Amino acid sequence: MDPARTLPDADVGRLLVSCEDGPGIVAAISGFLHARGANIVQSDQDTTDPVGGRFFLRVVFRMPDLELWLPALQEEFAAEVAERFGMWFRLRAASVPTRVAVFVSRYEHCLLDLLWRWRRGEMPVDIVQVVSNHPDLQKEVASFDVPYAHIPVTKDTKPEAERQQVELIAGRVDLVVLARYMQVLTGDFLARIGVPAINIHHSFLPAFAGAGPYEQARTRGVKLVGATAHYVTEDLDEGPIIEQDVARISHRDSVAGISRRGADVERTVLARAVTWHCEDRVLRDGHTTIVF
Amino acid sequence: MDPARTLPDADVGRLLVSCEDGPGIVAAISGFLHARGANIVQSDQDTTDPVGGRFFLRVVFRMPDLELWLPALQEEFAAEVAERFGMWFRLRAASVPTRVAVFVSRYEHCLLDLLWRWRRGEMPVDIVQVVSNHPDLQKEVASFDVPYAHIPVTKDTKPEAERQQVELIAGRVDLVVLARYMQVLTGDFLARIGVPAINIHHSFLPAFAGAGPYEQARTRGVKLVGATAHYVTEDLDEGPIIEQDVARISHRDSVAGISRRGADVERTVLARAVTWHCEDRVLRDGHTTIVF
Amino acid sequence: MDPARTLPDADVGRLLVSCEDGPGIVAAISGFLHARGANIVQSDQDTTDPVGGRFFLRVVFRMPDLELWLPALQEEFAAEVAERFGMWFRLRAASVPTRVAVFVSRYEHCLLDLLWRWRRGEMPVDIVQVVSNHPDLQKEVASFDVPYAHIPVTKDTKPEAERQQVELIAGRVDLVVLARYMQVLTGDFLARIGVPAINIHHSFLPAFAGAGPYEQARTRGVKLVGATAHYVTEDLDEGPIIEQDVARISHRDSVAGISRRGADVERTVLARAVTWHCEDRVLRDGHTTIVF
Amino acid sequence: MDPARTLPDADVGRLLVSCEDGPGIVAAISGFLHARGANIVQSDQDTTDPVGGRFFLRVVFRMPDLELWLPALQEEFAAEVAERFGMWFRLRAASVPTRVAVFVSRYEHCLLDLLWRWRRGEMPVDIVQVVSNHPDLQKEVASFDVPYAHIPVTKDTKPEAERQQVELIAGRVDLVVLARYMQVLTGDFLARIGVPAINIHHSFLPAFAGAGPYEQARTRGVKLVGATAHYVTEDLDEGPIIEQDVARISHRDSVAGISRRGADVERTVLARAVTWHCEDRVLRDGHTTIVF
């Protein structure tokens, strides 16, 4: 078997927790798991500020017949632990892939990289739908046996287009990935799909506003092109950052060459961010993320 | 105050633990701390193999009047927790700097970087002694008000030289740093100083044996020069790795230029490794390290 | 049009030169081009040692109706310049893609990355043949409309297999790429195909011998996994290095995770090395390369 | 001798050229040098746009008794080549160090790194003056035997302070380095010193405006901190970029830790930018730089 395959066996569970910090939280959680015969395999913890800050925890545990016990476990954790500390939590089986819808416009590099990694078994996801405002990538996507919904978007049809998108994916996916989707999503859309969305965009030192960023980067003599993957909020390109990386360029690189290096960084960074999210490694705290 | 200063306040403690994995460990530790009014600020945990593997934990906690309670705390932890699980542990106040002896030969870049970071308050250390087999750097070190012991080493005088070194530093330091010290330390020496030693050496892809590594790197068309910081064992350059990094070079770089880039990587990597060790972030597991 | 497409227009030519250094070389070359109405667009030059060393030059030029004049230009350059200085040279139209055969065994990540970049127009190549000692990737390759030759290799059939391989590709390709091809090529094979071959292999600091390198890296606490792309010589994994890169790993990464990061580095490094070779950016000098 | 020492021998010269592109430039330059017995050791060339763009050249050459011939060489090159093509050029002996004044406020890491590299012989410079608007670093600088001018600057005294600064350094330095100097220099000052100035500032993805950038970076969940070295123009932090780099941070890093990583990047990037400038590797083209 390829060593890169990633879904763990059926007895592995993951618990993500965030709440106001205070004494006794870790003892309560580890006591809860211990009492049910769960063995903690990995545990990460962070506190933004020991006095009155937020507390964040990720626990990977192994519990015989987890699948069978999961619903009861979730209920009991809510009642016995979460309520007491005012916790947000997510408790799930690590063997169940995250269902993903990918939104894309015309640039295919990020989409194809996700499809390809998924087919290789590199990511714990199930890509169940591709949505695009253009028909261009239909044939490409068909070869991966994933349904492709072409939903054009103009200024006038945007509300109707978003209604169609929501209808298509609501309840069917756990995550939306914007893989170079060139339309701004409304707050209304984000609220109605009810699952997180991750976006990728190019980043530079310094930042550029406006069109043609690669041309601008060349004009300013920029030496690094980068990409940022972040959770989508109503403020475009301003949500909590999950992952970033850069690649080195020089005056020798043409705009085409800079664009290629940028595309390589974008797809790698997006793949890392989506993988980490789907492995329950990412917790949000206002505008920040904790990546375990 | 400079934001880079690093010693935390007097109430912060750190606990490092490693033992055979099994159920109940985390609950026992967090229960112990909870019962004494300690509030866990940061916690990291790792298990090499959930079934019969090793368990590793780092806890940062805050406890009023820690300094006062520390001796009792250490004793009680040993009796109530460590013994039960067969644990190795280290429990100490984060505000107490690690006492360091730096060994050096003639290349000064790593030594000066450590001295300079220490004086800036960038590292939680106290450099109490420099030891060298050459007199060259005496004046340089004097300007930092650190005693400099010139102890020449030849094949014949090595046992006597090591005896002098041990006499000079035993009991006075918590860590030995080999900052480009060109002598192999004997297993006997390592056993007698009784504290860990960290070494830095250059690294390449691929590795080169023999003299003149930078010349060799140039000859092979190597594109990356690197450095590895590791704990010293009797097998020279083979101990558990703490940190590594690389810098990019090209055919345009002269041997002098490659050597400069290599020196920059060496001092940065060594400073990170020493800082992490002194912040109790590094745990050893046979030939591996866990860096929290 | 996608800004990442790479073939330049038909009037752009490239000249690569290496010879023993001495006075008058640059003047002779630029004089030759100038006299024929060619305008130098980019020029890079290097000398290993000013006294008796080797001289390396890459010139990109623009010349109206280059395609028409190219055969005469090559002949005249040989007679008027190359002979005088004892030069090796390559002079060609930048708009003609390099014909490539890709050899692969079972790991598909490097092969697919090349196919995908080629189809996107990201690399100035034409992939005309895939050769494998296994049938596994046949269907995958078929979707790119590239012929797939399954030529099994055992210890006994190796000479016959190599004979078939040579027959299949000799004269049809300008470059052989070993994209995780797990068979050692004989010197005889390399001589008979008469074109360069580029290989990719994983690299570590420090280097590991033997099987299971990712397991070994995890056991040693290695913090960086890397990849090296190099020209193939009879000494496996020892040819002149074209490009290298690394990715950061930690004790948190499983062997599967390390392997994924390694695969990402391998395909990026191989793509860069092949692109640079096909853009005539790489010159060999014994065991070294000059990458312009 | 330490392999990192950098001043080449007395016969090595360097020529930097920029002009409007057109046919015959390279032939004219190499002809000029060839006729005078100069042997080209290294040559780099770039054109922003082959049709009507700018041409950039760096040539390193070796010429017996260069020092003796240099004044005549400069005069003849101006008359015979530069005038004909409307060139800007710089022609000088590589063995003569660049005279530098360093401006600093209170953060010492960049200043000390430059002083220390200079004393090691790592950079082809001569640091002849430190200028500060604060007295804090006087003692530190004294240990390097460099004069320290404390010239306080307030809103009211700025014109007078700049007058003093100009008087102090004009004609005595070839380069001004702003090593975390927290005052904006006026266009008038830049014009009157008549030599280039290089600045370093921290950079992030995305960029932050306002105070406390490291706190802001932590709040946004930024994963990379960086630094940009650039030529100073009247638009603060907006001049042509010479070099950039980044370091990785995580939610585990405190503001102090982020600040330390940032300081490490700043001093490395500034050292590289200054070294490259002093090795005549950097050419300006409007808002861009060409770094050979």
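Note that the chains take the letters A, B, C and D in the order they are written out, and that residue 1 is the start of every chain.
Here is the rule we use: a residue touches a chain if its C-beta (ideal position, glycine included) is under 8 Å from a C-beta of that chain, and two chains touch if they have at least 3 such contacts.
A quick map from chain label to UniProt name: A, B, C, D = Formyltetrahydrofolate deformylase.
Everything numeric in this text was worked out from a predicted model, so none of it was measured.
Q: State the pair with the higher C-beta contact count; candidates are C-D and B-C.
A: Counting C-beta pairs in contact, B-C comes out ahead.
Q: By mean C-alpha coordinates, which chain is most distant from chain A?
A: If we average the C-alpha coordinates per chain, D ends up farthest from chain A.
Q: Any idea how many Å lie between the Cα centroids of chain C and chain D?
A: That pair's centroid distance is 36 Å.
Q: What whole-Å value do you get for the distance between chain B and chain C if each is reduced to the mean of its CA atoms?
A: The mean C-alpha positions of chain B and chain C differ by 42 Å.
Q: Could you check chain C for residues that touch two or more other chains and list them?
A: Residues 42, 46, 252 of chain C each touch two or more of the other chains.
Q: Quick one: which bits of chain B touch chain D in the complex? Just the residue numbers, please.
A: 2-6, 42, 107-109, 112, 116, 120, 122, 143, 214, 252, 255-256, 259-260, 263-264, 268
Q: Considering only the defined contacts, which chain C positions touch chain B in the complex?
A: The touching residues are 46, 203-207, 218-224, 226, 228, 237, 240-246, 250-252, 286-291.
Q: Which residues of chain A touch chain B in their complex?
A: 21-24, 26-27, 30-31, 34, 37, 39-47, 50, 62, 248
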